[in-house]
Structure formats: structure tokens, C-alpha cells
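Heads up, the next two complexes both have subunit A, just with different partners, subunit B and then subunit C.
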Partner chain A sequence: MLKYILKRLLLVFVVVLGVTVVTFSAMQSAPGDPAEMIAVARYGEDLTQEEIEWVRVTEGLDAPVYIQYLGWLGHILRLDLGKSLITYEDVLEEILTRFPATLVLTISSLILSLLIALPTGIISAVRKNTIVDNTCMTGALLGVSMPNFWLGLLLIWLFALSLGLLPSFGYGSIKHLILPTITLGTSMAAITTRLTRSSMLDVLNQDYIVTAKAKGLDEKTILLRHALKNAMLPVITFVGLQLGFLLGGAVIVETIFAWPGIGRLLVDSIYARDFALIQGCVLFIAVIFALSNLAVDILYAYLDPRIRYEKK
Partner chain B sequence: MNETWIALKELRENRMAAVGAVIIIFLVFVAFFAPFLAPHNPLEQNLEKRLLAPNSEYPFGTDELGRGIFSRLLYGTRISLEIGVIVVGITALLGTILGCISGYYGGIVDEIIMRSVDVVLAFPSIILALVIAGLLGPGVFNLILALAVTHWPGYTRLVRGMTLSVKEKEFVEAARALRASSFYIMRRHILPNCINPVIVLATLGIAHTIIFAAALSFLGLGIQPPTPEWGAMLKAGIPYLRSAPFLTFFPGIMIMITVLAFNFLGDGLRDTLDPRAKEMLMMRK
Partner chain C sequence: MNKRITALLICIIVGGILAVAGCITPPEEVSKELPQEIVIGMGGDIKGLEPVYGCPWGAPLRLIYETLVMEDADLKIQPLLAESWEVSEDGKVWTFHLNKGIKFHDGTPFNASVVKFSFEYKPAPYRALPHYTKSIDAIDEYTVKFVLNKPYAPLLRDVSSAPIMSPTAVDENGEFKSPIGTGPFKLDKWVKGQKIVLVKNENYWRGSPKLEAVTFKIIPDASARAMALETGEIDLTGHRAGRGVLYVSDIPRLREKPEIKIVEGYTQPCVNWIQFNTEKEPFSDLKVRKAVYYGIDTQKMVTAVVGETAAPLLQGPLSMPSTEHLLNRELTWYPYNPEKAKELLAEAGWKDTDGDGFRDRNGEQLKVTFVLSAFSPELPKIAEVAQAQLKEIGMGVKLQMVEYGAQQMMFEKGQYDMMMQMGVCGHGDPSLWFNYFFHSKRGVRCAFKDEQLTTLIDRLYTTVDSKDRLKVFYEIQEIMEEDAPGVFLFSDPNIVAVNKRVKNYEVQGGIHGAYLSLWKVYIEE
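Moving on, here comes the complex of A and B:
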């Protein structure tokens, strides 16, 4: 088990290193002179060439690309993500103040999605090819196909503007959390429902379920004692992987509802072309995503010993 | 190909897939004949007629600049389908080739390709697309590039897995014994075995790409106004959500119908062509 964890950790490290390369080269590929853009963002349009050169030297933008990359990597390893190019705020600090809002939103959405998806998926599987199943699956497919930015706008229109029941944007109370959670949670629920159903169907076709039926156990016992436990394994993995989906969805949902999380921070920093902040946000999100995937893998290997032996 | 034809026949009996296919054919028709179908010029502003509710002249009303929403939606079909098909065409081709090479040769080549896949998948895909599109600046080409970078790994993983299993089959060994070249073996023996799952993934990929493209345009990082793109139209409608909600209703409905149609067809194809593609798709999201 320890060997497995170490191997996975090494892989995470390689991937994160790759992530830094991709992030850095994405910044490099941006058109325009970064020194000039920083100077314009800070001091306005009226600039002399000397002022631009001064920014270039003080920001270290005159060095060769690989030196810039290594220098940046060195800072990252010391957990220094630099300062915002525009506000001079510390990037990591800024991210950490914004992250709790995203965490609250993703966790509440995750809970909502599981509350919808697990019962629906299980019922669909048990009542396969009935009206119940078809209705649930059509609903799930509708959910997958509905752009969540549109759903968010519709919810604002209905509950905030037309009925006046809930605030359309902002942060702070449970009321503010409801609409963003529905927007983000339902789109994830749709996907999880489909997975729960197919995982449950797989398990229900296994020999041991047939045996249990042959023994004359009642349906409830078979479902709860035998099927559910095994069917949940892929669902756990999937839910872990879905954290990335939630973080991605949060970008859009936070933008619509003016939710002060890291997703909105990222979008705002892209609008402002604040490179240090963009790099910081992307890196932070990718690392969180990688670590949560690692945690899920380890949990999965712990729950299902077959995995450990297969991957020796 | 024979198998594919049999599958296509089965597909006709799959009601959802048939519905999806009919809607897609209809949308393609709309995209082609938009100039003949649209009652108004999608770009022509008419400030005296701005924000009109749906009426007999403008079936879906007019937007903030007095342009007919119905006509703009028809033209929007073109852009969304184009982007979906182009992105999926590029990524499916590139991803398949890389996956085939990776699985066939193994070793260091495999290691490099698969670690690249891991790195791309290490980002939530919308975030990577967002950052690339945001940094390169708005525009069709940059949007396509951003979507292509984020969408190829699914095909690579799928095709690699299939190549690994097909490679060990006797007919490949026989071909090798006859001194067939690697290229010949890949083209004649390995790729034909991968084609069905790739088709499934590509169909569902179009749905995914269309939503992504609309999302990026919605955030102002994709297609720019005045081009009639559904996501950008949604964005433009936000300030008028209270007074003129139809600006927001109709583009969203178009996105949903289009995406739903490709999902219907993709699901149907998967059931008939290949059950294995399902897991790959789940891993990709």
C-alpha cells in the first residue's frame, strides 16, 4: 500500500511539473509585449520607451525564457506566487482569501448533486426500462445538455427578478448560496445519476447477486447489503474526478452570481491581463485538483484491494 | 465497414438516436440555408425597433440594437456547428494518431505522450480552455485552438487502450510475420478496430465542444459581437433580463436543443456501436 501511495505521489509531482510548464508557456504565448502591458495597466497609456524598459528590467522580463521559467519555479517551490501585477497584492494571499467561498459553493453543490443523483440512479437501475427509469434518464440527459450559465440566468430571472424570493447575486448568507448551488449542483447531478445507474446495473448482473436471489433473500437486503456497497466504488472515484468539473463550473457560476471565489478571481484576472494572478489561480486549481484525485485513488485502493495488486 | 452498416441499421430502431439524428439534420439544413430562411439581416441594426417582444414580424423579438433574434439564432447555428465539427475533426484525428502511436510503439514514446495526456487532464478542461482563449485574445481561431488543446486526450487514451489489446491478436502477429510495415499494420489492422468507439466519442464530443464554445463566448472570451453566436447573445441579454427576458430565453434553448441532439445520437451510437466508450467519456469530463 505504501509503495502504491509513493508511486502515485511521484506521478502527481511529474504532472504538477508539467502543469507549471503548460501554465508558463501559455503566458508566454500571449500576444503583445508583457512589459508594455504591465506598464499600461499600472501607469496608464502615456508612456515613454524608458518607462517600459524599466518595467521590463524590474520584472525580470529581459532574461531568456528558460531563466524566467526556472526563476518562477524556484519561487513557486518556496510557495511564493509573486505579487499581482496591477494591485501589488500577494497572489497566494489573495487566492487563499477567495478560496473559502469556492469551497463552500463546491461542497454545497456536491451534496445537492449526490442527494439528487444517488436515489435517482439507484431507482432507475432497479426499475430498469420502466417509465420511472426513462423519465429519470431523459431528465438526466436534459441536465447534461443544459448550459449551466443559461440555467443560472433563468433561476435569477424566476426567483430573483420575477418572484423576488432570493438575491440574484452576492455572498454572505444561506439565501445567497441557494441559486448558485442549484445551478452548479444540478448539472453535476445529471452526470452522476447516469453513472450511478450504470454502475448499479453492472453490479446487479454479477453472479453473487444472482446467488443472493437464488438463496431467497428479499430485494431490500440484496440491494442494500450486496449491491449498493459494490456499486458505490466507481461512484466514489467519479465524484473525486468531478471536483475538477465543479471547480471549472464554479468559474462560470461565480461570474454570473458575483460570488467572490477563486473562479471569479481567475476570470477577472484574465480580463485585466494580470499574468501573475492568472498563473497563480491556474496553478492553485490544478494542484488542488491533482491532490484530490490522489486522495480519491488512495481511498479507492484502500476500499478495493484488487486495485493495489493489479497496478504493481 | 460492414459492421458499421449493421450498427446503423440497428440505430434506426433506437428511438432517441433517431430523434437526435433528425434534429441534427434539421440544424444542418438551417445552417446551410440561413440566408434564405432568415426574415431579417442578422447584423442590421434598427434602433427604432429595439427590445420588441416577440410579434408577427419578429417571431422571437428584437435585441438591444433592434436586430431580429430569430434571424440571429438561425445564423448562430452555422457558427456553433462549424466550431463543433472543426474542433472535433482536429482533435479526433490528432488524438487517434497519437493514441495509436503510443499504444503500438510503447516505451519512451508512449511515456511522453501519456504524460502529456495526464498534464492536460490535470486541469479542469474548461479552465485550461478559458486561460488559453483569454490569453490569446478573442476570435474564432483562438477559440478553436483553445478547445482543441483541451479535447484531444480523450481520443488518445481510448485509442491507446484499444491498440494495446488489438496488438496482441493473432492477425497482427501474422501480418508481422509476413513483414508488413508498422504503418500498414496500424492502418489496416489497428485503426479499423478503433473507428467505432472514436465515432461515439466524437459525436458526444461535438455536444461538449458546442457548450464549451458558448460558455467561453458567454464570458466574452470567444466569439465577439456583432457575430450572432448563441453564448455571446446570452451575455448581451443579461442587462435586459428583467425587461426583456426573451433575449436570454431563446439562445439558451437553441444551445440546449443542439447539444441534446448530439447527446441523443451519441448515446444511441454508443449502445449500438460500442459499450466500452462509455467509461472513457466519463473519465474525460
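Moving on, here comes the complex of A and C:
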């Protein structure tokens, strides 16, 4: 098991290194003159050529590309993501102050989605092709099809504007958390429900379930003891992936509800052409994603002995 | 194993809930509901507290730091920290007489040496220092003199956007420490990405503000911002300077709300226009440019897309309210006339020979590329209207929507036929805009190269006498009309939606003055 984890960790490292290369070259090939963009973001559009050149020199943007990359990489290895080009704030610090907001929203929506998706998915599978199943699946279809920004605005309109029950935006209390959680959680639940259902159906058709039935076990035991455990494997993989996505910041939901998370930080930094901050955010998100995948892998190996012993 | 999974799941859920509970800071002590607190919705955060950031990011800082002079609601220069000023005959020496007895938030006295410090705090090319400055001298405690290398007409405009800070705002190494100005409000706290809270400066030199606090909340989505106004969570939003732009489509709805008032300020001196690439076919031909100008119904387009609050520019770039005194009224420009447009195109050799609705010449169709970025939601709609109107005169327009940086690059490389261009925000004098787009020293960023125009723009800066300067403005407009480097469409609406419990609010001072009137605003239910 330890060896397995170490091997995976090494892979994470390689992936992150790849991400640095991709991020950096993407930034380099983005249209527009970085020096000019930074100058505009900092001082407004009324610029002279000298001012742009001054920014280029002071920010080290006149050095050859590979020197810039190696410099950046060297700093990263020392856990220094550099300073924002616009606000001069420490990038890592900036990211870490935003991360709790994203983490809170991620966990709450993940819990909500699981609370909805698992029971619904299981019931749909068991009561396949009945009214219950069809209702659940229609609901899931709606959930998948409804864009987040629309659902979000709709919820604001209903709960904040018409009913006056909840705040329409902001961060700080449980009340603020409810609407963004519903927006994110329900759309996630929709997909998980469908996955749970189909995975459950697969398992229920297996021979060993038939055997269990033949043995005369009651339905509850078959479902919870024999079927559910095996049906959960693909669901766990999927939820793990979603966790990775969510920890990278739910850009749209964070924007609509003015939620100060990583996603918004990234978008703001893109608008501002803040290269250091963009690179920092992307790298951070990549690391988080890789780590949550690693966690899934480990959990998977723990749950399914076949994987653990596969390549011994 | 079953039990272990259950245990694991329970652990995850409980842990999750604990994490959520732990991460969330205890609910803000149910804000004491200050009766005299105003909450303002902004689209984006400020960049920093140092008074060096360009517009429009710095608008909230204008309540902390003040300037020597300011632009009023009509974009005219008014005294603020300086009570009066004079300029020498040759336009090179500007003397400011400062108001006496003003103190910074921490008690540091405001005087001439402080002004000198503020302007010299960061070396060029930072914004605070006006171009061409030779020296800034403190003559006595309350007189400061700017000596320039050459005459510089818009100096007061530059000074109106240069914040004055206390020397105690920086540490001994000259590094910025904390925001200390003379303004009506002081910084209480800035929670990045969320809010900026200012509290009143009781010793404010124009009288203690009536508001106890001003809170700026960051709400990036314009629709969400409009709804927050309707729920009463914010009291004010909308001014461009706060990046708090309202969608034009939300305004009629807000107008109907009994508790909300729409305040319309002076439109900013920002020109939205369609620029032609005059360096290549077909727009190197003046006749084609004029045809497009005749072929676009500016009035109708602007009213339909931007609403009645925007000023359509029917007589060129200076035909907006704030620059009416500079308008050359003898010029006719190009009132909508599709027949004339068709004639001009025919004269230029563009005829529809194959009857497909689009004109052609020598087997080449009259189809052009119109490049734009979705900087504001109105721009793509404007482009679509232009596309439809130009189809009427037989010109095919392909819309190409790109990111702003890409648009800049295509602009510099000339990879376009028509391009949506916007205003340059800075201050209320149009010299800035002319200089930005039409001065040949801008090189590849010059939208229309013309030596005569460049000379005139230089004279706009060096001519201090207002009568002589008016003549220069007239001549520039003549060239603009004659050469039609673009179709000038509209200047941005400056609209603020405000809850009626906010009294005494007015939109002031163009771009930087979004919140300048807050020092005398009060709340009354």
C-alpha cells in the first residue's frame, strides 16, 4: 500500500511539472503585449511608450522566455509563487486567503449533492421504470440541463427578492452559504444520481445478486450489503473528480453570489492580466486537483483489493 | 467491511460539517445597523490602498485622499484642497494657493511641502506626476509652484486626478504603509474580494460627514447587483468608475421600483466609435468610409441599444454634453442617408453586379471584418445593428468577437477592417482621447495617421489660452469630419441607481467623482 501511494505521489509531481510548462507557455502565447496589459491595468489607458517599457524592464518581461520560466520554477520549488504584478501582494498568501471560501462551498455542496443523489439513485434503480424512477430521472435531467448562472439568479429572485428570507450575495454566515450550495449541489446531484442509478442497475444484474436472492436473503440486506458496496466504486471516482473541480473554484457561482473564492480570484486575475497571479492560481488548482485524485486512488485501492494487489 | 464503509461515510460527512462550521467565520456580529451607513455595490475590488492606481479602480479611494482641484458634475474644474491658482503667460508656471488649516486623518498638517511630497512620491512614469514637469516648489507654507518644460494646457486635469497623501503614509524607506489622506472618510478595513469599509473623519475640513460609514461590497455580476439593490442589501450602484456598471436592460425595471431612484449624471468624455482601417482596402477609400457613416443610423442604434440616457454623437466626437462648448457647429457630418451611402459606394466602383445583395468590384465582394470585444454587454449589440444597417447599403459585415488583449494585438497588426473602439478614461479634457488614438507618436497604436492632425494635437497641449485652444479643437474636428477615420457613435451613460432613503446624492466629477458627494449625503427612512 505504501509503495502504491509513493508511486502515485511521484506521478503527482510529474503532472504538476507538466502543468507549470503548459501554464507558462499558455501565458506566453496569449495575445497582447504583457507589459502593455499590466501597465493598462495598473495605471489606466492613458499611457506613453516609455511607461510601457518601464513596466517591461521592472517586471523582468524583457528577459528571454526560458530564463523567465526557470526563474519562476526556482521560486516555486521554494514555495514562493511570486508577487502579483498589479497589487504587489504575495500570490500564495492571496490564494490561501481565498481558499477557505472555496473549501466551505465545496464541502457543503458535495454533502448536499450526496444527500440527494445517493438515496434518489438507489431508489430509482430499485424501482426501475416506475413513476418514482421516471420522476427522479426527469428531475435529474432538469438539474443537468439548468445552467448554474440561471438557477443562481432564479434562486436569488425567489429567496432574496420575493420571499426576503436569505441574503442575495456575500460570504460570512450559514445564511449566505445556502443559495450557492443549492445552486452547486443540485446540479452536481443530478449527475451523481444518474451515475448511481446506472451503476446500481449494473450490479443488480450480476450473478451474485441472483445467488443472494436464491439464498433467500431479504431485499434490504442484498441492497445494502452486497449491491451498494460494489455500485459505489464508480460513484466514488466521479465524486472525487468533482471534488477536484470544485476545489478549483466554481467560477460562475462564485461570481453570481459574490463568493470570494479561488474561482473568482482566477477570473479577476485573468481580466487584470496579472500573469503571476494567473500562473499561481492555475498551479494551485492543478496541485489540488492532482491531490484529490490521489486521495480517490488511495480510497479506491482501500475499497477494492483487486487494485491494490494488481501489479505486485 | 460494510460497517467500515458506513463509518467512513459518517466520518466524511461529520468531518465535512465540522470543516464547514470551522471555516466559516462566526456570523458577522449582526451589523449594528448603523442608521447612517451606506452600502455601495461595486463590480470589482480596488487594486490597492496606495494612491497610484489608475482609473477606474481607485474611485473608493477618492473618499480617503483628496486632490488639489476637482471636476464638478459638468466636468468643470473646481477648487478643493487648493483655493485658487494662476498660470503664467507662457503656460509653463502654475501656482496653487492652498486652503489653510487642513489636517490629515492622523493630524499631520496639510501644506505645500506635503503637496510636493505627494507628487514626487513615486518617480515617473507613475501617474501622479504631470507630464513635462521640471520642478515642484513649495514657495511658502501654502503656495506651491509647478514649473514645466513647456506649456501644458491640461495641467489642471492631471492635478484633478492626482491624490494627495500624508508623508506619514509611508515608512522611513519610502514604502507605502497605510492610507492617510485628508478626505471625509478613513479606512476601517479592507477584506479583499469582499468589501471595503470606510468610517467618517469627524475632523473633516469641510465639516463632519453625516454618514457614519461607507461600505463598498464587491458583487461581480451586474444582474445580481441590481437584485441586491432591490432587496435593500445595497443602497447604491451603477457608476462606471466603481466598475459597478448596471446593465442597460435592468434600468427600466429599476425605474419602476418606488423605493429606487435613478440618478443620471453627466456622460463621461468617453467616445465609443467604429474605427476604420484606413491603411487597406476598402476603407483606404474615403468614399467608402463616408458611405458607411451615411449608412449607419446612429440615433436609432444608440436609442435602441444603450437607451435614451446615452448621448448619440451626431456631430462628431465632441458632440456630447460635457464638451458642447468645444463643438464646431459649422460641420454637418453625416446624417443618416442610405441613398447617399449607396451613391458613394457606386462612385467608388462598388456595384451589385450579380444581384446577391452585396456589392462587388472586379469580382471581389464588398465584405469587411468588424472586430470587437465584449467589454460591455452593449457593444456586441451595437455591432449587430451596424451589421444589419450596412447590409441595407450592400456591404457585408463579418463580426469577429475576440478577447480584449487579442483585439489590441489585431489593432496593432492591422488585422481588421472595422474595429470597435472605446474611450480612454482619465479626466474631462478630450485632449487625452485625441492623443491616445490620433497622435502619430503612438506608432502602431495610432488609429489614423495624419501629420496635420498630430501637429494640432500637440498644439492642444501647448495652447493654454482657451480662445486659441478652441480654434485648435475646431480645426481638429474639421479634419475628423473631412477624413472620417471612424463612425463616432455614443458616449457612455453615467447612471446610478440609488435607494430613496439616501438623500443629497449627486453624480459628480466625471470618472473619479463617483462618490465625491458622499460627504454630504445622509440617510433618512
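Side notes on the structure shown:
The working rule: the second predicted complex is superposed on the first by the 294 of 312 C-alpha atoms of A that agree within 3 Å, B and C clash if a C-alpha of one lies under 4 Å from a C-alpha of the other, contacts with A are read in each partner's own complex, and residues count from 1 in each chain.
Note that a residue touches a chain if its C-beta (ideal position, glycine included) is under 8 Å from a C-beta of that chain, and two chains touch if they have at least 3 such contacts.
On a predicted model such as this, the values are computed, not experimentally measured, just so you know.
Aligning the two structures on subunit A places subunit B and subunit C in clashing positions.
Once the two complexes are overlaid on the shared chain, A:244 sits against subunit B while remaining clear of subunit C.
When the shared chain is aligned, subunit B comes close enough to touch A:195, but subunit C does not. In the superposition on chain A, A:14 makes contact with subunit B only, not with subunit C.
By the touch criterion defined above, A:170 reaches subunit C but does not reach subunit B. More residues of subunit A are touched by C (comparison of subunit B with subunit C). Contacts of A:161 after superposition on the shared chain: both subunit B and subunit C are touched. Of the two partner chains placed by the overlay, subunit B and subunit C both lie in contact with A:153.
Using the contact criterion defined above for the overlaid structures, shared-chain residue A:51 touches subunit C, although it does not reach subunit B. Of the two partner chains, subunit C is the only one that A:260 touches; subunit B does not reach it. After overlaying the two complexes on the shared chain, residue contacts for A:141 are found with subunit B alone; subunit C is out of touch. Applying the stated touch rule to the two superposed structures, the overlap between the subunit B and subunit C interfaces on subunit A comprises residues 30-31, 149, 153, 156-157, 161, 255, 267, 271.
The touching residues of subunit A, counted against subunit C in their complex, run 30-33, 36-37, 40-46, 48-51, 54, 86-88, 94, 97-98, 100, 103-104, 107-108, 110-111, 114, 149, 152-153, 156-157, 160-161, 164, 167-175, 177, 224-225, 229, 232, 255-258, 260, 264-265, 267-268, 271-273, 303. If you check the complex, the residues on subunit B that touch subunit A are 115-116, 118-120, 122-128, 130-132, 134-137, 207, 211, 214-215, 218-221, 231, 234, 237-238, 241-242, 245, 248-249, 251-252, 255-256, 259-260, 263-264, 267, 278, 282-283, 285.
Considering their complex, residues 1-2, 5, 13, 16-17, 19-20, 23-25, 27-28, 44-45, 47-48, 52-56, 125-127, 131, 191-194, 217-221, 223-224, 227-228, 230-231, 233, 402-406, 408-410, 424-426, 432, 435-436, 441-443 of subunit C touch subunit A. The touching residues of subunit A, counted against subunit B in their complex, run 11, 14-16, 18-19, 21-23, 26-27, 29-31, 141-142, 144-147, 149-150, 153-154, 156-157, 161, 191, 195, 198, 238, 241-242, 244-245, 247-249, 251-252, 255, 266-267, 270-271, 278, 282, 285-286, 289-290.
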